[in-house]
């Protein structure tokens, strides 16, 4: 029975805490959050202890593992603290917005033989798992092209955007990770283009809302990513993989399977699941369970800090490419 | 906080018990099952008490409501015992295989002002709820025709079939309930035809494996039901409603949304969810939650013993029609 | 090169005439229609002769075959005249609204060794052909259930309805033919129910607008047909065949494959092809080509007068069942 | 009645000739092809004259318009000859593989006030027309991203490839035209990547088989194109347009709408229409009809030589980008 503390009681922390509580091989010891009664309220709901102080939980003897769902700028220090304390870690993405800091953290984790998993939840979505499994089973032969569509239902608040690190590090980073995972190889060249088609005032943050990225691996496999901060029809998350022997695609998830036929529309579907908390509820649960299982069995972490570092590197390259109008060697 | 006991620890009892345990407004007090360590094992898993004796639980002071998931021939006595003890009841379908006994039970429940909900779980499937909600919202105008497709993935064991009450009372009864619910009216005329196309030896039990039923309400609304005990492509559960202003349909549920394109097939989907426990997992949870909510709020039961009685009556009429080759006035 | 005359220059006659003209193995000699300049206008368009008098064309030496697309009450006399004149015949359905007359016509055709094909065009739809071919190839094993959905976009004029012979003989007759063809066996028992949900004043003609039919063959195969004179979302023509090894379905045809995603609808499709002339354009062409090919090669007619007679018999049985509320032995 | 000569009796010439013959406002005068009896055989089939010599047809007084479907290196000289002779021209893409020659031809056409339409047939596909019409009607607001998927069923012969001009000028040129047409603006920046994943020996021709292109317009609209010379599941031609108020997509066309459900696959579709002649049969017919209509009415040509020139320019930029690994300003 793995004893777990969850740091951060925001929307992501809540998800992780509930999944820990529901995992039969884990016990939720405590949750921590410095803001108001967020931790206390969550602890009350899940029958565990609470704290306003994340670091105190890390050092507790009755805590074997910590899940880090705090603001990005605290990830590295909490992660390293936990590793130094001999605790296993599941850390939300990104490691840090600054790749130099991320690299230093990786170095330290390695030095300490730390057990850290990075929380790229989308790999654990049942359809994504099935895509990877089908590729591994050879059902479409050699991968040639990966097409990733990733659109949010609407623009976040300006406050969120100001501290987000920009669309590539905040939003597309997930797609960079999926690209690497589905390609089965690391991109060596990247070209990006970025526009402000939703909100021209994003110039205030030097940010963009609509982007495309094109990448190539050393063996010539290709990947396209398109992202937009606003898709009025809903949260759009699709993958397509063309291989030498076939193609795989997944579809979006809807609340129900009902279709409507009227004078004005035929076979119209219900709305898509609203946003990532709903769309990836299964993925978050599977991710947490995979973390618990890896820690308990001592097997390799399914997603590593290096994966987090690589996705961040691709995000940096994409920003550079978009700003300079040049292809970037990764 | 409603205190609940679950009678029966078979596959249905397990589902209900887990859903009680997960409901924040309910507390699972105990589970009972006379067979081996079924109850003990389930109780251990869900941290509640267990008993080999259902009736003892019914009378406990710390039990407010009972969920009955025992064999059909025990439903009436347990239900009436619980009602007489002032407990709210959620009872699995059917009330009884014998409509005379069912009618007597209804009479007694009414006399005692009993609070009983019948467990027609399919009404609580999110897509079914959306169908009913859309009809109520007028999105397809007046209902004209309801088409119900209901096929099991494979024939049950001979042991199961022997005590099932026959395909109409065991399997089609769910579809009769959905028919009434979606039509919004009670059928007044019914015609059925029944065949043995999966297993000719079902003559041993005077049972059938492939049936069609056609019904008409007093205002002329029509309903068709087709059932088969074996669909090799999986558990097939579809509804279609034609109205004066449009049509509604739902689709089956699959494990993932992945589609496969190869030399031999285009857009081929993943397998359907295997059988009712997986397919209707959400429905069972919603059903239990609706029961808890109705008991707590004192509002009318969303499915009544009368609904159970009416579905059983339609099943009896269908069998009569299939055997005589005549239309039956309900 | 088969020399063909087309009798009738209404909407069906026009289709057949154009298809004759486009068939490289046939030559359109003339078209006939007693009404106004219908024949002259069509002949002008297709560069052939015209006549106000159908019978005169039948006897011409330079006519090898006639296509009959005239009003129903002229079918038998024109057909027999053509057969007696040694001409091959493609005759629109139904042979006659009166089965006694139809039987007499069959008897006469047989006596004269007549070469007559009945125009059940839907069998020649590419998707229908693929359904039959797949069944024949064993892809779904033994047929168990056939489900036919057949809905018109809107109620015809009262004038049309008055002379139509009623919904079963006018509209459902196509579905009866498809049922026999897809079942691969003749129904032996039939139950029908009929309502007036679109237009209650159809009582004026003793007609109905919304019907369901349920049939069983001697080996126990089952078939359901649902029809409505009005589906506001368009002409709905679907088949589903459940077999021991799988299921086949076809979908409706749309003008384009475009799908629309907005705030209010996801994946909404374009309108269905409007009505039978558009929906079955390929089927009419394939049907005519099959007729020409059968005549030229001397092979058996792909659809026979007996097929026409059987569909009419089922229509009569359905009306009887709907009026009496009894199952009818075919 | 427009009198038309068709130059070239290969697979494209045959399509155009048949469409001319079927157009009620046009008359097919003659077809020409220098190779063997191609022209004679086609003329025989369509009841027109034939010639081994294209130029002789151009000058005939009874020819108002010519359709050019000859090898690419003859396009410019035939087109200019026809324009100089006062004939309207429908010319297959590309104008020429060399943009300098194309520009010179455009200049000459303009000087002579020539009436020339370039044959980008895909714009005339019913689904493509519906996409453009829906955008124009404002159904998805302002266009933000266009995603084009364009994959051939299999690699052409080495002989074909040797003279094709390379994948960008031969295959992607269609997609460049569709990109411009759907974006509603000209791209100003382009990035391409190209691989040999189907056949590594394409190095022999300095050609590629798998490419991606990313483009941006001056207002920031974005477009992605992915192409592969081999998709084993068939000819894949899809468009997706994301706008500020919604998204539009089209689907591929299949031979029939039949879906198959078995133990191994659910809802598996029939094969896609094999290749461009089948897939774009309607588009070719609509294109020819649009040409005839534009000539007869004197209205502007729906696709101009400038459109052909711009697509060629994008192809050249793409090749340059793929070879240099740099973004190219168009």
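Read from first to last, the chains carry the letters A, B, C and D; within each, the first residue is number 1.
Following the convention adopted for this analysis, contacts are C-beta pairs under 8 Å (C-beta built on N, C-alpha and C of every residue); 3 or more make two chains touch, one makes a residue touch a chain.
If you're wondering where the values come from, they're calculated on a predicted model, not measured in any experiment.
Chain pair with the larger contact count among A-D and A-B is A-D, by C-beta pairs in contact. In this assembly, C is the chain whose CA centroid lies farthest from the centroid of subunit A.
Separation between the centroids of subunit A and subunit B, computed from CA atoms only, is 40 Å. Those residues of subunit D in touch with two or more other chains are numbered 232-233, 245-247, 252, 260-263, 270. Subunit A meets subunit C in the complex at residues 232-234, 252, 254, 260-263, 265-272. Residues 126-127, 129-131, 134, 139-140, 245-253, 255-263, 270 of subunit B are the ones that touch subunit A when the two sit in their complex. Interface of subunit A with subunit D (complex): residues 142, 144-145, 147, 149, 151, 189, 191, 193, 195-198, 210-216, 220-222, 224, 226, 228, 230-233, 236, 242, 244-247, 325-327.
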